[in-house]
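Before anything else, here is the set of structures, which you'll find just below.
Next come two complexes, and both contain subunit A; in the first it sits with subunit B, in the second with subunit C.
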Partner chain A sequence: MWCGLPAGCVRWGDSIYKKGAYIKMTADNTGGKKKKTSKMRRQEAVAGWIFVLPAVLFWLIWFLYPALKAISISFFQYNYATPETNTFIGLANYVRLFQDPKFFTAMGHSFLMVAIVVPLQTILSFAIAVLLNGPIRLKGFYRSSCYIPYVISAMAVTIFFMYFFVKGGPASSFFALLGMENVSWFASTKYAMAFLMIVYVWQQVGFYMVIFIGALQEVPMELYEAAKVDGANAWQRLTKITVPMIKNTTYLVLTFGMINAFQIFDQIAAMSKQSPLGSPSGATSTLVTFLYQQSFSYMDMGYGSAAAVVLFLIIFSLSAVRETAGRRSD
Partner chain B sequence: MIKKRMAKSLIYLFLICLALIFLVPVFYVFYNSLLPKRYIGSFVPPSVWSFDNYKELFSEFPIMQWYGNTAISTIAVVVGNIFFTPLAGYALARLRFPGRKTIFLCLMLSMMIPGQLVLLPQYIMMAKAGMVDTLWAIILPYLSQSMFIFMSRQFFYGIPEELEEAARIDGLGRFGTYFRIVLPISGVLLATIAIFNFTGTWNSYLVPSTFISSPDKYVLVVGLQTVNNEHFQQENLTLAGVVLLSFPVIGFFMFTQKFFVQGIATAGLKG
Partner chain C sequence: MKKVLALLLALLMVSALAACGQDGKESSTPSSGTDNSSISGAADESQASTGDTVTIRMGGWGNFADEHEPGTVGMEEAIGVKVEFQKYPTDAAFWDNLPAQIAAKTAPEFIALSNELYLPYINDGLIIPISKYIDDGTITCWDSIGDNVKDIWTIDGEVYGIPFYQTPAVFAVNMDLWNEAGLTEADFPETWDDVLDVCRVFKDELGMTGLCFNTQEFHFTQYCLSFGGGWGLGKTIDTPENAAALQFIINAYHQGYVVTPKELGVGYDGNVVMSGDAAMSTGGTWYVNDFKKNAPDVEVKYLTIPHAEGKDDVSGTFHAPCYALLKGGAHEKEAAMAINYMMNDSHDEALIDIGYIPVNSDLFDTFKERQPELAGLVDAVSKSNGFGYPPAGKKFADALISKMEEALFNSDSTVTGSQIVKELQEEYGE
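Right after this comes the complex of A and B.
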């Protein structure tokens, strides 16, 4: 959430790993490396540890410890400001979660968000990338205009979209022509989710487009030439060559997209202004706003942490499912 | 032939619409930030344009202070990541040492853990250390991010090893090899880390809004939310705030954009 890039995924790692191993192997063969002595090996190990030490320390202190702490907090009635009242309550927080209708509403919104936004942004960014990878003039201009929204903060983007979708604003008036109500979308329980999705996709498409362009440039031109000679038309070349060749990138975009869409927060904070997160009246509450409110507004930190653990388990298992599904189709 | 030309014009038409969809809002924001409230949304001659909205914002809010806080925290985080993460990534890609596989596995796993899970314990740790409501809280935990260690590792896997071997034969140690031979040819990697990390940190809202509570320590994003909350009805002011927050990142992007696609391709983001 802080580094600007989505969290990663396993597939991405191991495909490169194989590629790296391949390069390493050829380097070994041509280099004719001498056998390493045990002294050299020890020196290498010492150097290796010195190199990773700062990163490992940061990770232990600011990641592993807090992650374990969060899991342990989720088994407590917990408020850090009043440590004397903290009591171990086992799975009670989790039981309570699964009896809380607000939690299910939030979870429903999160899944809805992912189910609509992820396919939409993947298809759009793929289509744009394919067009921009062709013989087009002013490629750089189009590419940059698609990417610019991604470098602007989500907070800023949401704020100015609110002016477009305010009652009587340019966008809401336009959609009124198409038969929708002319209301402030972000303040309407009926349209708030749609507003959130529009803002989100508008901003994210450029990023995934760049990833797709990177992949398209790696597809060997000869394949297309050969297919052309064999009489394949543009559509066939797209579906029979491009799509299978960049399959791994598509998996990556889907996984990233999913992880990110689950964690949407800034846009909702901007829409809610001073009202409680998830406004109007919970119409845009998600797992993240739910857990944030529990932990930081109601100071019910054990309960909030339990929701955070559930979010982690959902993301983790969906990534794992995606991973095995991807493997099987290989 | 005619069919082909038709297809071509359709593609351009689509692309132009696309560029308009992405650019018009950006220009709309900038244009309206120059107008007095009563002219918002209408076309008026340049004689009416002014920077009055900006002046008002600067006089009402500690904008310079917010700029300073944002710049300090962003630069500190970017410098940290540029220094620490390629170092670790290099070791994971090139050096053999016990625990390497475990570290890598932990790295992969931690990238799947949502940041919101660790936010609360981090807050408690910060509170105990007396660092809540200081810039330390939004700098310290983010100086070495797993994502960039991973990107670095992929990058170093992809470059040939001969150069380093030659340097080692010439008697350069591991550190000398890394700092004098490897880093100088890793410009694309460093630029990619800098770009992602800069925009991500500059724009981040969740973390600073959680850790920082006094207005003089706000970063710009949190400040903008304050402006929006107080002045949503005066969109000329809020839009000026949007411009103030966004133009440094857009400028940075313009300046470094030639690295983007190249960087993403080299850093192994292509799957």
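Right after this comes the complex of A and C.
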């Protein structure tokens, strides 16, 4: 809508913004209101800061401070129950970390999890979203059914799945027909990770489906109609219109998916029961279970914090790579 | 006006945030793995004594209603101390949360603690000596406790806990399945080879696994001790006896005579015996109360732990949990008073009723009278041993479990008992 401003400009208070830069309204272009506008701008800035203050405080106290504290602890031999014994050891925790085969096993599992689960859940959730975005009956029921697993406790879902994948259970018996061993998957060093991935994907797909449905509804129908007129078939419309049009949402799903998959914990804890986290025999250990064990089970907070810092760097780097790749493809 | 309104709104939001923060602080204990709602705000309550009563907290895991609450009856009137219970769902949750709670000064004043993985916590100073309260007469029950249990909690001349019952490990047999397989009491196993023979009968007659083995350090230790081995606080991990014990488990499992709770999707061996998925398991006298409550129709016999051939003089482990003081408690003296009070006769009797042998040998006859099925266990106490885990404690236990899980749950594994004890000795040996 035309509102008296040049194309692409937005008015905010007494300023006009265009592509990130604002055009200051001086006495020349405002008719001598400099003093008044300056005061108003200051007032608005103060009000703005006051409004964001709670969120900023929250972020500082609950996010920034713990993150900085974790980084600082990672340079210490640190036991928070006996602070008098804490000593600065420089990079020793990191050196130890990169000499620890269990850390590399955990890291390998985390990457495997991300490499398999993220594409799988993205494709599945996209496919379901496309299906449920079409003209089908009981659409709301199906959408709710797909979303419900996401709001159920991960512990409960995992225990529920264990009864399907127990030795002789319906799922393990079915896979035995396909040549796999008929064992309890969650207790097998060979199948525990696959079990974990199945449970995780089943639970997460509904959430990403909702995000995809939201994006699909934003794609203008005119594009499909025009493509139809031009003779494009359903597959072509999907790949040439839908996929490019929801590209940004797909990037979001991939980033969220990656971060969440790196942080999987509850399902592993439920599988491990009273055994060490990552049971059986470390087959489901990840970076998060590794750092939790070191920090809390073994009270080696410095070492656990070093692992947490490495996990943060990995997630940060991968997110940055994805962001850069996304921008380039734009 | 707009500015004033904005300011007021922001102030409101900040105070709401602050209130959330306070709330978070108070509720941090339950959210970190505890499940007793009564503890909320208990720390504050304990500081603000109401009249002469001081409220303190006791932490632990397991069955509080039967094991600890009977000890506190009448305590408030008698000594002016009220105990609230902070129950953790598992021992792992207990140990994972306790250091953080101590650091945050939200930990309970005293805890119920088993004599298993406790050494690192004593070495780290989380559990403090209680000796001074014995010396000053606050704790008067110490002299009536048997020497065998006293020794467990006396380290380098300092007493770290007041044991409140003792019990040797047991070998539990589901008699319904036993009879169904055509076995009689004459077939009760004395050696592990006897156990294998019985397992063959179960496999042939009922097509089921006879033995339940829970992949927990507690159960591994029963086998090692009953083969004449043991961890010896890290000095004797790599011994032929320990290797033979672990190899026995590996072989029996791969021969199909053993089922683990893990592969059935449960965490507790008692559940496997209750559900009839196995007929026998190593366990403890806590089975008595568990079965009474959860499977009253299942008949169970409690035998002493079988031993390896030629090792007639050995048995399994010996449990002697204690009440211990935690570092940083606001009411240390009152906690010592509470512990002393809880060592009363009616508590002893309540413990006898659920199958635990009292720490006071004067009550052994009462135990035998009230628990005739368990009477034989009193004599097994002298043959039983402490757990003797290496100082690495939980790290060692986790490594042991992990290596054995590899041997059991990987069908292609060629890992042997000898390899496992050798690696453990290298990593955790003293």
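In the analysis below, the second predicted complex is superposed on the first by the 294 of 330 C-alpha atoms of A that agree within 3 Å, B and C clash if a C-alpha of one lies under 4 Å from a C-alpha of the other, contacts with A are read in each partner's own complex, and residues count from 1 in each chain.
Here is the rule we go by: a contact is a pair of C-beta atoms (placed from the backbone, for glycine too) under 8 Å apart; a residue touches a chain by one contact, two chains touch by 3 or more.
All figures in this text were calculated on a predicted structure; none of them were measured in a lab.
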State whether A:D266 touches subunit B only (first), subunit C only (second), both chains, or neither. first
Quick one: is A:S275 in contact with subunit B, with subunit C, with both, or with neither? Answer first, second, both or neither. second
Please tell me which partner, subunit B or subunit C, touches more residues of subunit A. B
Between subunit B (first) and subunit C (second), which, if any, makes contact with A:E181: first, second, both or neither? second
Residue overlap on subunit A between the subunit B interface and the subunit C interface 43, 46-47, 51, 54, 58, 80, 159, 162-163, 273-274, 296
Mind pulling up the subunit B residues that touch subunit A in the complex? 11-12, 14-15, 18-19, 21-23, 25-26, 28-29, 41, 81, 84-85, 87-88, 90-93, 95-100, 103, 106-108, 110-125, 127, 140-150, 154, 157-158, 160-162, 165, 173-175, 178, 196-197, 199-207, 209-210, 221, 224-225, 228-229, 232, 235, 238-239, 242, 245-246, 249-250, 252-254, 257, 260-261, 264-265, 268-271
How about subunit A: which of its residues touch subunit B in the complex? 1-5, 7-13, 15-17, 19-20, 23-24, 27, 30-31, 33, 41, 43-49, 51-52, 54-56, 58-59, 62-67, 69-70, 73, 80, 128, 131-132, 134, 136, 140-156, 159-164, 170, 202, 206, 210-211, 213-215, 217-218, 246, 248-252, 259, 262-263, 265-266, 269-270, 273-274, 288, 291-292, 295-296, 301, 304-305, 308-309, 311-312, 315-316, 319
With touch defined as at the start, can you tell me which subunit C residues reach subunit A in the complex? 2-3, 6-7, 9-10, 13-14, 16-17, 21, 90, 92, 95-100, 102-103, 120, 124-126, 215-216, 260-268, 327, 394-395, 397-398, 401-403, 405-406, 409-413
Show which residues of subunit A lie in contact with subunit C when the two form their complex. 43, 46-47, 50-51, 53-54, 57-58, 61, 79-83, 159, 162-163, 166-167, 181, 183-184, 186-190, 273-276, 279-282, 293, 296-299
